[in-house]
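Take a look at the structures below.
One chain, chain A, appears in both complexes that follow, with chain B as partner in the first and chain C in the second.
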Partner chain A sequence: MIWKFLLGVYIAIITILAFVIPIGFIPGLGERARIIFLHVPSAWLSVIAFFVAMIYAVRYLRSKNIYEDVKSAASAEIGFLFCFVTTVTGSIWAKFNWGSFWNWDPRETSIFVLLLIYGAYFVLRSAIEVEERKATLSAVYSIIAFVTVPFFIFIMPRIMPGLHPGSKGDPEGAGPVVTFKMDPNMRILFFASLLGFTLVYLWIFKLRSRMEILKIKIQNKIYQEV
Partner chain B sequence: MGLYEFLEKNSIYLVLIIALIVWFSVFVYLVRVDVKLKKLEDEFAKLENKEEVGK
Partner chain C sequence: MLSSIWAIFLKDLKSEIRTRYALNALLMFVVVTISMILFATAGEVMSGELLSGLLWVVIFFSAMSGLSRTFVSEEDRGTVIFLQLATRPSVVYFGKLLFNLVLIFGINFFVVIAYLLTMENFKVKSFDVFLSALILGGLGLASASTIIAAIIAKANTKGTLYPVLSFPVLLPLLITTINMTQLSIEGAKLAETFGHLRILFSYFVVVVIASYLLFDYIWKE
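Here is the complex of A and B:
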């Protein structure tokens, strides 16, 4: 339990530093660039979570062990949650930077499509009652869904011109794109935040998996006794 | 200068306080779920051990 409390303190320190640390001058963004400490790690974490969901989906298809399916779904749920956090934080930032909450920028459109793709994954899971069938179909869907993730997160927003920093034609230094040319303070805090978010993800993932595994064990117990 | 006036002039600190409250709430929730889950897992394990000894 001690590492969890340390993680709590670590994230609190990151949060405080994210607001007070000097980040240097960023043209066109100024203090609004501080969103990078929350928004980008959330987006990154959603990619990691969807990747882990895909790995467990493959493992389920190989072993047909229901616990692998539970872990795959748990990771997809957390990925969806982080994806939602990314969308909301980005949308609030857009209001102050671009003038409106939603602009159908390629980056906004791609994350919206990603939310729809993984939203459909949960619809699929809830629509099938037979456990084995549900697990098999959602594992296949999870693998196919992840194929689209690199395209929507890394490729599409970079090959199309748009408002988001890092879009095609964006002049260098115009936005807080994650590069090793970033302000040193910003770079260190950004990677520290990324580490903190990853640890929080691992904690939630473990909790969610344990919860579902215990639920299955209790259900099996009741079934055996009846 | 009072706290209210300070926060009125430096609103970024108000946002910082809100962000800390949000993180603290999430953290307390996660710890509570963790503790409750551990308790349930232990109870379930005890129940299973008892049944195995009974056999």
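Here is the complex of A and C:
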């Protein structure tokens, strides 16, 4: 309990600092670069959550243990949530930096497709009634979908020119990670924020998977210590 | 192993030639879609870039209307258990993949001819780029849609889910091929599209390997 309270305080401090900390001058972005403290960690976390979902999908296929499938779905759900946050914050930012909410920059395309993939994943899950079959097929789909994700996140933004920081033609270098020279305190706050987001992810993930496992246990009348 | 793959392929080809269900449906679908485009844009002058995007819209949706047939028909006719007894899962997968490859190249061939005849502004300047986009695009399209078809055949709603599940997985491929088709209309050299070729080829290899590893689990479900 105390840890969750401390995490709330920690995230609150980071949120306040994200607005007030001096970040130095960044050409072309200026004060708008402050989005990095919210937008980038949630983008990373969404990909990590999808990766975790894939790991649990593999573990399900190996062990056929239904709890692994529950964890895989839970992680995919949280990843979807983070992905949505990334899309919305990025879109609002794009309005002020590029002049329109959406203009099919390669990076915007890729985040949109991530939403589509996991939207389809949840549709697939809802379309199958038999529990084991649902688990197996959605595990296979999430693995197939995840092997095509690198094409969006790592390959296409490097090959196709775009406006997003870190695209092809960016003088500071192309890559999945924005590599412009960060002010020291900006760098520290960025990694602190990443840590905070990761802890929030772990917390929600644990809560969500425990809840779903308990649901299964109640349905099947397994009354034991969890 | 190779001879059993060939046997599965021949079996599918024979049963297809007997009924010609998928083939007829696909050809009619192509005709309908292209005439739909023609009606919707009657009197408009369309640029080559727009037409090359529409070409892949036609190819994608015709593939979606026919490629799931190979697995769904096995489920419908109840021949899945027989196939499971007769041979190994990977053999079934590669046999079906081969059949879908032949089907998709057939569709592509037909679509392109119909397209070149009906769309006046669709003038391909560099044929090598166009052809390699079609061939590598067809490979990737067949590979991803085969494994999705195997998933869909086991789900309750077979028809509607197929494009929904395939589209996001196919999107990196489609974006790249559309881009290449546009370049071929602008008259780019083959060497300029090397990056695109590498994406298409690696997409095909990655999807086939992942499908090969995962197909056992779907097939035995």
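A few points about this structure:
Throughout what follows, the second predicted complex is superposed on the first by the 212 of 226 C-alpha atoms of A that agree within 3 Å, B and C clash if a C-alpha of one lies under 4 Å from a C-alpha of the other, contacts with A are read in each partner's own complex, and residues count from 1 in each chain.
The rule we apply is simple: contacts are C-beta pairs under 8 Å (C-beta built on N, C-alpha and C of every residue); 3 or more make two chains touch, one makes a residue touch a chain.
Keep in mind that what you see is a predicted model, and the values were worked out from it rather than measured.
Overlaying the two complexes via chain A leaves chain B and chain C side by side, clear of any clash. Angle at chain A (Cα centre) between the Cα centres of chain B and chain C in the superposed arrangement: 140°, in steps of 10. Legend: residue contacts after superposition of the two complexes on their common chain; A:Arg210 is shown touching chain B, with no touch to chain C.
Comparing chain C and chain B on the residues of chain A they touch gives the larger count to C. When the two complexes are overlaid on their common chain A, residue A:Leu202 makes contact with neither chain B nor chain C.
In the overlay built on the shared chain, the residue A:Lys4 is in contact with chain B alone; chain C does not reach it. Of the two partner chains, chain C is the only one touched by A:Val113; chain B is not.
Of the two partner chains placed by the overlay, only chain B lies in contact with A:Glu31; chain C stays clear of it. Residue contacts after overlaying the shared chain place A:Val140 against chain C, while chain B stays out of touching range.
By the touch criterion defined above, A:Ile16 lies against chain B but remains apart from chain C after alignment on the C-alpha atoms of chain A.
Here chain B and chain C sit at a least CA-CA distance of 31 Å once the structures share a frame through chain A. When the two complexes are laid over each other on chain A, chain A has no residue in contact with both chain B and chain C.
Chain B contributes residues 12-13, 15-16, 19-20, 23-24, 27, 30-31, 33-34, 37, 40-41, 44 to its touches with chain A in the complex. The touching residues of chain A, counted against chain B in their complex, run 1, 4, 8, 11-12, 15-16, 18-20, 31, 203-204, 207, 210-211, 214, 217-218, 221. Interface residues of chain C facing chain A in the complex, by the touch rule stated above, are 144, 147-148, 151, 154-157, 161, 164-165, 167-169, 171-172, 175-176, 179, 195-196, 199, 203, 206-207, 210-211, 214, 217-218, 221.
The touching residues of chain A, when paired with chain C in their complex, are 61, 109, 113, 116-117, 119-120, 123-124, 127-129, 132-133, 136-137, 139-141, 143-145, 147-148, 151-152, 155-156, 159-160.
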